Every structure is written in structure tokens, then in C-alpha cells.
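Here it is, the structure, as C-alpha cells.
Order as written gives the chain letters A, B, C and D; numbering starts at 1 within each chain.
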Amino acid sequence: MPMRYRKLGQWGLKVSEISLGAWVTYGDAVNDLERIKQITRIAYEGGINFFDNADVYAKGLAEELMSKALLEQFPRHELVLSSKVYWPTSEDANGRGLSRKHVRESLERSLKRMGTDYLDLYFCHRYDPEVPMEEIVTTMSNLVERGLVLYWGTSEWPAARIVEAVQFARANGLHPPAVEQPQYSMLYRERVEQEILPETERFGLGMVVWSPLAMGMLTGRYDKGVPKDSRFERYPQFGNRFLTDENVKKVKALKKVAADLGLTRTQLALAWVLRQKGLSSAITGATKPEQLKESLGAAGVDLPQEALERIEQILGRARG
Amino acid sequence: MPMRYRKLGQWGLKVSEISLGAWVTYGDAVNDLERIKQITRIAYEGGINFFDNADVYAKGLAEELMSKALLEQFPRHELVLSSKVYWPTSEDANGRGLSRKHVRESLERSLKRMGTDYLDLYFCHRYDPEVPMEEIVTTMSNLVERGLVLYWGTSEWPAARIVEAVQFARANGLHPPAVEQPQYSMLYRERVEQEILPETERFGLGMVVWSPLAMGMLTGRYDKGVPKDSRFERYPQFGNRFLTDENVKKVKALKKVAADLGLTRTQLALAWVLRQKGLSSAITGATKPEQLKESLGAAGVDLPQEALERIEQILGRARG
Amino acid sequence: MPMRYRKLGQWGLKVSEISLGAWVTYGDAVNDLERIKQITRIAYEGGINFFDNADVYAKGLAEELMSKALLEQFPRHELVLSSKVYWPTSEDANGRGLSRKHVRESLERSLKRMGTDYLDLYFCHRYDPEVPMEEIVTTMSNLVERGLVLYWGTSEWPAARIVEAVQFARANGLHPPAVEQPQYSMLYRERVEQEILPETERFGLGMVVWSPLAMGMLTGRYDKGVPKDSRFERYPQFGNRFLTDENVKKVKALKKVAADLGLTRTQLALAWVLRQKGLSSAITGATKPEQLKESLGAAGVDLPQEALERIEQILGRARG
Amino acid sequence: MPMRYRKLGQWGLKVSEISLGAWVTYGDAVNDLERIKQITRIAYEGGINFFDNADVYAKGLAEELMSKALLEQFPRHELVLSSKVYWPTSEDANGRGLSRKHVRESLERSLKRMGTDYLDLYFCHRYDPEVPMEEIVTTMSNLVERGLVLYWGTSEWPAARIVEAVQFARANGLHPPAVEQPQYSMLYRERVEQEILPETERFGLGMVVWSPLAMGMLTGRYDKGVPKDSRFERYPQFGNRFLTDENVKKVKALKKVAADLGLTRTQLALAWVLRQKGLSSAITGATKPEQLKESLGAAGVDLPQEALERIEQILGRARG
């Protein structure tokens, strides 16, 4: 079905339901520019307009490669490009965090690497308790004022800090955060559903989610253990988090639900996170064209109520 | 011990405990770029990240030489560069002070001389009673908005004016001053301890101090009078201020305290100002490599309580 | 030891560490004015100055009896009197919640029943999602402006709503909430420690806690089941919540820790909640003089670090 | 010469240059209502309109007696009545300071004792570091809003706290303090001249000063030691502060300056403090009619420049 676009919360920007992220992929597992061009062309032709990145992904190479692949092929104005700041990019005292200094200096380098003079979205990659809210919000809002960033957002922030940032911005005539990017999937849902989504909806923020496939666990790839060359082999810490007997059982049980709808489990998992109206986009990763094509198959899918109920039973979560 | 970094008051910027200033040194006693490169390299390798300057130091030559020495050797983002504005840089009616005109025009020239498009810290070198607080604060805050300055500060301002500036900024959604730079040392302490530090701590400003060695008096260099080629010979007005019989006696008495800790008096004097938790950095000067190396020996030193008490007795100050 | 008084967060009001609440006691288990006078006299003489109440306790009778007992004996200005609003006081459409209408009308009746023209503390007894934050905060702040209430607070509010209320008040020049009243005890601690206390401390609110003895469970009264005439017999819903095998085991294990300190378990449980510096008072209940006298024995007690560690082990909670 | 009236700084209220205070006099040395009536009648007829008081003077008796003496004789609207709050009025935890609770409760009792439903001036008798500026300023401003107080002020506040209070009030649309009441006299001048007056003038506050005669020292009464029944005999702590050899010498030297102008030393000392244009009134005390009559002789006196210079020489103070 055709890609649908959703507003970023109350804001005017529209992003594709399915989006493509560079994390642990470009500059990392995939370094070949032509291959990235091929994948991003499939994405673009499939209707994806939002491409997610960060200063620390592959030490800057992810920004460079994905952006080059995109801008050599497509008009800048059709793309929603993001990056992020917080994690260390150098070892010196000001080489990390959300101080005005590090944000300014990291953004400058991100723009240079990406070959653009503005980002559509710029995320504070975590909350930084060492920097006062006043400094964070005035700094991010100022980037919007200066045209370097169109909307700023947060990623993995505690709910109370999002509320504080929005209210501080409102009280001072500044740009509030417009979007939060948390982790969210069938296997990692409590925090978003109970704490974050109620706040983003209350204050008009959009939400884009990372790891909607639980690092690949929900694709079924790990039904029979960890295959050679898979993500869990490369990053065992991800596997350790998700590869439990209970999860394997759940993921196997989802196979039939998906089949009954004519979907793969990947598509089911993406369509499932997108059932949340307060969520704007599910960020997927793709090392190979066929992976992305499968993900694109979730675009435009509305899961019927009966399927949602079967899934709840499988996930075994009594709702309060 | 390794250099430690401190936050600038409540703000996100981190500066090295020991920092290097250009005052009465570069462009003045030291004009050779290679020598300045050598000294700044020792500083950088010793962990110093904050380099203090002002438009009037050596009529601009200090900015030019120190900045050139730094930027030819080190990445801009690892450096915290400052300058200041207030004292006359030309003889015309608007050639001094804190008017919007002079601040803008002086900053423009400082940036050009320093070969950078922004300063990390920019100080109002004194308070200017001829300019309304509204003009000062809107002007300085605007420099932050425009990305020309990351944090603005004050130097040698009366406590009540710092309070007024902070409150005026807060009331009007502007950037408040983030740091004050007063003179502070064992031989010049009352004003900072009784008037300034209580206010900077109350309102979250950082403090960086100049002349922590009392123009060199605390190094022991003047134990037996004024040597040839010393700072007090070159600047007798400094000598007159500090070179009293009482001070000579105090400085001599500090020798044993320092020795008992395995420190020189220079190191003792620097570690002593840094005992104040509300203080972010002690700005030192160095005409020769060995001077700077000695100062770097104060990094990471915590003076024991017993030593602090001996020092109080020598300084002869009953604490309330 | 003598009673200590703590500031209500950053605010100027001081409340006794141990306080007396009317909940499920006066107008309920205890209806005799002379008995209540006797108990409140013991409280007053023991240094208690804060007496907690609510409009719904015993349908108003709690306010009437406790306040009469207090004001017939002690000067009004030495007492910190509270009440609360939210739960239904009548069956009509506006007989509950935090609308401006219900708050005004319920306060009017509370003041009349209590025979005073102002309350020291007035709590929103729960958060009311049907009323916009603007209406809640302007209404409560207006009561302060009119002198009907000295400080307003919240009770059992979600952390994000407390943050929102504080920031809304600050942005609009209104009185922010000054205190939160959550449930907190050895057997019910996660929510306060992980969600609420970090926010009340961040924004300067005080905290007074209800049920520090876990409805009596922590006194040891239920070591061998539910005695006749006990609170768990009268209110089985409380018993169901706390009377588990695991809790019985924990409470028994605390006996020795208490004995080693020369305390009863009641006193240990009260001193334990008061170890939190961000907490202002523990609200106790008393149907009999000897109960209150026992609670008063917790005043001024600082638990040693070693005891706190033994308690953590018994409560079986790995701290992050 | 006739009494002159000065505006309270920038504000509209006018107070007599010479005013009458109750401190250490009424309810204390003088308890007879008829005597107080006689003295206040002399004051009134001499043009005094401002009568200063505080809740703690003679434990409330000063308010009661002076106000009774005034209101039985003169129309309320012709009088400027003040009181103050801060020092303990009861022993309980909230019986002192500037919390909203204590201010409200103390004012209520002051109004009752004074038999009026509003005060013209209400002073925070000291700064209270335990109460946030937000609570102090909102509380005092609210008293103005509710018509209980016409102007609020500070007494013996540090300069930086006055600045903070004014700016906080302005930023939040609240009533700023309108007057400061410090101690000021020929023998106690540095703090006012160097720290306080520059701020009250900058921000439009009035200033009324207490002890312009240095507790009586400047009257010449102690030229030859401490007489029987004198203030320094009753309050040796005051004597200890002022009765030094140096001061005795100064006070004796002032005798001739006064005589050359046809004034007593009392009158010279009052006229001298009133040379400051930023000062609105000098508060005098009087146990006897003749004392007050002498003070009234300072009304309307402008000291010639030559006398001011002779006085400076005697006081021996090099001006910076």
C-alpha cells in the first residue's frame, strides 16, 4: 500500500510512517556508497522522506555517506534530514553533552559532513543533567532562530524533563522541543506507553521511534539462535537484552498472526507500533535492499482490532 | 596530578582548574611566536583548555599572538577562548566602554585578530556606569543569540551590578552573565569572599580569577627585594601594591607550609584559591616554560584541612 | 529527643518532623472530643505543630473535631493546619474534583467546620485530568492571594503533573505548589524515591508523607495475624494490600534492628522515612495516647549508616 | 524653621524629615499614656507625620501605646504609621522570620494592637536567608494588594538583596520595596554611603534612618562618662559600641561647629544626615518633651558647605 505521512505531533512537518536510520549500518556494516545509494533510492521510491542520523554513528561516517547518497540523487527539499548531539565526539572536557559549546561545535561539523546548511530535525541524544534546562532550551531554540535547524527534539529523555523543557520554552517565548525519539517495540513498550506518549500527546510533540523491530528480534531471524553475520553476533549486548526464551516464544507465536494478515513478522511489528496515533514514524535499518522492501510493506497497513487483541494476548500484558 | 575540569558555575561549559592568560605577557614581555607556541603546547599537554585574553592586552597583539599560537597547533573546539571589552582601544568618543557601538566594533576586531568566528567567553572588562543596564545586557545577550559568543561574563563588577544584570536578563528572557572574573589571591581576598562569591554562587555564575599569585608576590620571587627584569621592576605600580613588609613576612612564612606538602609556594597559592568550590579556574601567566610547569603542578591538588588552617593563621584573618 | 522542625522544601514554613493526621481516626474510630483533646495535647506538648486533615475524612467530622480540640487549647499561630479537596463531598455534578467551583465551595465549608479563616496548607487530594492545569493553578494560587490559604500543595500527583504545575505557575507569575503529600514507607517506596522526590527536590517543594507505618503493618501489630478491633479488621482493603507473607517476614526481621537501637519498630519506621532530607514530615495517626507517645519517640532520631544498611538488606532492594 | 516633607524615594508618599520612633522608649522607658500623648502632640504640632514602630518593641506594648496616643488625638489619614516583622514574637517554630505564615500572623496582631486596619509602611526588620526571595516579595506585595499595607520596605538588608527584591518584583509585576531603614549617623556611615544609598537612589527607594544620634552619643550627653539613668547605662551594649575615646573626641569637637551655626549638637547631627537628598527622614526617639523639641529644631536646617567640610575633617574620613 502507498506510504502515508504523519504530522510531527501538532507541528506542520510531515514524515513518512516508515523511515530509514543510519544507526549501526552505514559507515559500519555498509560502507559502499553505491550500495547506500541503491538502498536510499528504494527508500525514496517507496515513499520514505525521513532519514535519521547522529554525529556519533560510525564516528561521523554515517552522516557523510548517507547524506552524500541522498543529496547526489534527490532534491534537498524533499528530504527530512536529522542528526543528534550528546555522546562524545572527542576526548576533551567539552567533547560531549549538551553545553552550548559542544552543541554548536558538533552541529557545525554535522552540517559540514552532511553537505547541507540546515537540518530538519536535531535531537538531544540523551538528557544531560550537568547542563541547566535554561542552557539546553535556549541553545536549541537559538539554532531554530538562526535557521540552522528547523525543529529540535529529544531522544530518550525522562518524561518530567520533556515537560519541563516544553514549559520552560513556552514561559520564555522559545521554541519547545517538537519531537521525542524513544525506543519502542512489541518487546520494549512499557516506558513509552505509560510515561512518554501521554506527555508527547499532551504537549503536542511528535514521536519517532527507534528499534521498532527490537534490534531485529521481531523479524524472526533469531528463532533458531544467532546466525552468522547477524546483528546479534556483531553486537552481543543487543542479543543479550532481547534473546530470552520468553521472547523467542512470543516471536514464534506472532508468526501465525502475521500470516493470517498476509504480512511478515517484520511488517506486523512495524504496523503494530504505528497503531499509536501519537507516533509519527518507525525508524528502520537496512543493510540490504530486500530488508528495506520488506519494511516498506508495512506502509499503509492498519491492523484490525481482532489482530491487535491476539497480539496483546501473546505479549501477555494485562493493561491497567 | 592530572588536570581537573570544573563547570562554569551552573552552566555546561567546562574549564581547566589552571588556565593561561595573556595579560602583561604575550605581545609584551614575550613577542616571539615560537616561544608562545612552545608555552601554549606545554599548557595544552598539561590539560589547560582555557586561554584568557582581552582587546587591550598589548594593544591587540596579545590576542593575535596567543590565538595564532593556539590555532596553528590545536583544534578550535578543544579550546575555550576568551576576550574582553571596556578599556579604550582608540581615542575617539566611542572608543571605550560598554555601549552597543563599542562592544560590537571591538568584538569584530578581536575575532579578526584571533582568527576565529566566535569566542567561548566574552567579558565586560569593568562595569560602565554611563551605559544603562538594559543596553549592556541586551547587547551581550544578542552576541550569544548571534553565535558570536557562547557565554558572556563580567570582570571586576560590583556585586549589586551582577545581581541586577542577572535579574534584568531573567526578567526579559535574555542570557544572563555566566561568569565573573575578579582578582583573588591569598593577599587580596576580602572582596571576593565577602561580596562576590556569595552572589555568583547564589545566581549560578562561574568565577575565574586573575592574579592568583598576587602579581608574582606569592611565588617568593620578591623575598629579598625586586630583582632585575622582574614584573615589579617593569610595573612598579604592582610592586607598590603588594610589596609591603607585612606581605613579605607572610610569603616567607608560607614557604614551610608549602614544603611540608611537597609543593612550591606558587603551587600552594594556586591550590589555595582553588579550595573554593564556587571558583572554576585560576588564570596564571607564564613568560617561560618552567614557570608554567610549576603552575601545572597545582592541578589536582587538594589542600588538607590542617594546611588550610596554618595558612589562615599566617594570613592573620579572623574568620566570622 | 526533642522534636525537630524542617522547612517545607525551599519555603519559609517550618513543620515538625512528626505530625498528626486525622485520617481514619477522628470522627471515625475516635469521636469523643475530650479524648481528641487529650491526644492533641500530647502531640502539642511533644512538639508537633502540623495537623493534617481533609474535607472527606469522616465526612467533615474529622475537620470539626480535631480543629475544635486544637483551637480550644492552643494559639492558632502556633499550629500548621491543613485540609484537602478533590474527593466527592456531595453527589451532584460539581460535588468533586478540582474545578474552581468545587474548590471554592469545599474550602468555604472546611474553614467553617474548622473555625479558622485560613489554612496553612491546602492540598489537591489527587490530580484531576478533567480540569485544565490553567484552572487548577490559577484557582489554588488565587486562594493564596486572598489570604485563605498560606501554601497550596498536591497529594499523590504524577511527577509530570507536578512539574507542569510548577512551570505553569512560574510562567504566569502565580504561586506554585509548595508541597506534595504522597504515601511513603518501608513497604511502599519505589514511586517516591524514583519519581517524586527527584522532582520535589529539583523544584523546591516540600514533601510530607502519609502512612509511613504502612497502615500499621510496620508497627508489628500484625505479626501473628489480624487482631480484633485493629485497622486491618476495620478496613480489610488495607490489610490485603500490605499483609503478605513476604511483608510479615520483613517486619519481623526489623524487630532486631530496632531493638539494637533501643527503638520500637514504629519508631524505626518513622526515623527511616525521615532519613530523606527532602522530606519535611511523617504524618502519623493515633487513636490512643500511648500510640502517639510511641511515635513521638522517633523525633530527633538519626539512624546510623550501619542500621540503614541492615534495613536495606531486609527490604531486599538493590539500589542502583 | 518649619518642618519639611520629603517623598519616599520616587514614590508618592511624603514623610516629615524628622520622625518619631517607639524603639527602646514607649512601653519601655515610658509607659504612661498621658506622657506619650503629650510627646506625640508636640511631635504632631511640630510637623512630624511619620511614627515608626515594630512588633517586637516592648513586646507589642510600643505599638499599643504609641498608636493609642496618636489615634485618640489625631486623624488617621494625617499619620504615617509603620511597623515591622522578623524578630521572634513567640517561641514556636514559625514565631519569627519572613515566612508567609509569620508575616501574616504578626501583621494581624500589629493591626489589632494599633487599632487600625492598615499600615502606611511595613518593614521586613532584617533579611531572612531561610525564606526564598520569591516568598518574601510575593507575601509583602500581596499585603499591598489586599490593602493591609500601603508600602512595604526593608530594614538593614544587604544591598544585593535589595537589588534582587526590586528586580524580582519588577520581573513579576509585583510591588517592589519602597523604602529601606538602615542605621546611619556621623559615627556609623560607611555602609549607608558606600553600599546602600547608591542602590536606594538607583532603584527609587526612599530611605529612613534609625539612630541618627548614634544612640545618643552625638547629643554630647556622654562627654564626661555615662550619667545615671542614661540610655548607655540601661543598655551598656550600645555604649560599648559608641563610647570610645576617639568618638568622645569627635563629639566634643563638633560642639563648636554646632555653636557657630546656632545649633545644638543633636540638631547638627540630624541636619547632617538630612544633607543626603536620597534620605527621607531621620527617626528620633524621645522620653521627654524637651528632647523632642530639641530634635525638632533640626527641621528645615540646611548646613552650609563650609560646615560640612569642617565636619568631614573632624570625622576624619578621606572620601574615595
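The criterion applied here is as follows: contacts are C-beta pairs under 8 Å (C-beta built on N, C-alpha and C of every residue); 3 or more make two chains touch, one makes a residue touch a chain.
Going by UniProt, the chains are A, B, C, D = Voltage-gated potassium channel.
Everything numeric here is computed off the predicted structure, so don't read it as measured data.
A.B. asks: Can you list every chain in contact with both chain A and chain C?
C.D. replies: Intersection of chain A and chain C contact lists gives nothing.
A.B. asks: Of the pairs B-D and C-D, which shows more C-beta pairs in contact?
C.D. replies: Here the pair linked by more C-beta pairs in contact is C-D.
A.B. asks: Among the chains, which has its CA centre at the largest distance from chain B's?
C.D. replies: Farthest from chain B by mean C-alpha position: C.
A.B. asks: Copies chain A, chain B: same or different interface, half of numbers shared as the threshold?
C.D. replies: different
A.B. asks: Using mean CA coordinates as chain centres, what's the chain B-chain C distance in Å?
C.D. replies: Centres of chain B and chain C (C-alpha means) sit 51 Å apart.
A.B. asks: So the centre of each chain is just the mean of its C-alpha atoms; given that, what is the distance between chain C and chain D in Å?
C.D. replies: Taking the average C-alpha coordinate of chain C and of chain D, the gap between them is 44 Å.
A.B. asks: By residue number and range, which residues of chain C touch two or more other chains?
C.D. replies: If we look for residues of chain C contacting two or more partner chains, we find none.
A.B. asks: Judged by the touch rule stated earlier, which pairs of chains are there in contact?
C.D. replies: Inter-chain contacts occur between A-B, A-C, B-D, C-D.
A.B. asks: Inside the complex, what are the residues of chain D that reach chain B?
C.D. replies: 159-160, 163-164, 167-168, 170-171, 195, 198-199
A.B. asks: Considering the complex alone, what residue numbers of chain B touch chain A?
C.D. replies: Within the complex, chain B touches chain A at residues 5, 7, 10-16, 49, 75-78, 80, 118, 120, 144-147, 150-151, 173, 175, 204.
A.B. asks: Can you list the residues on chain A that touch chain B in the complex?
C.D. replies: Touching chain B from chain A are residues 90, 92-95, 97-102, 104-105, 128, 130-132, 135-136, 138, 142, 145-146, 172-174.
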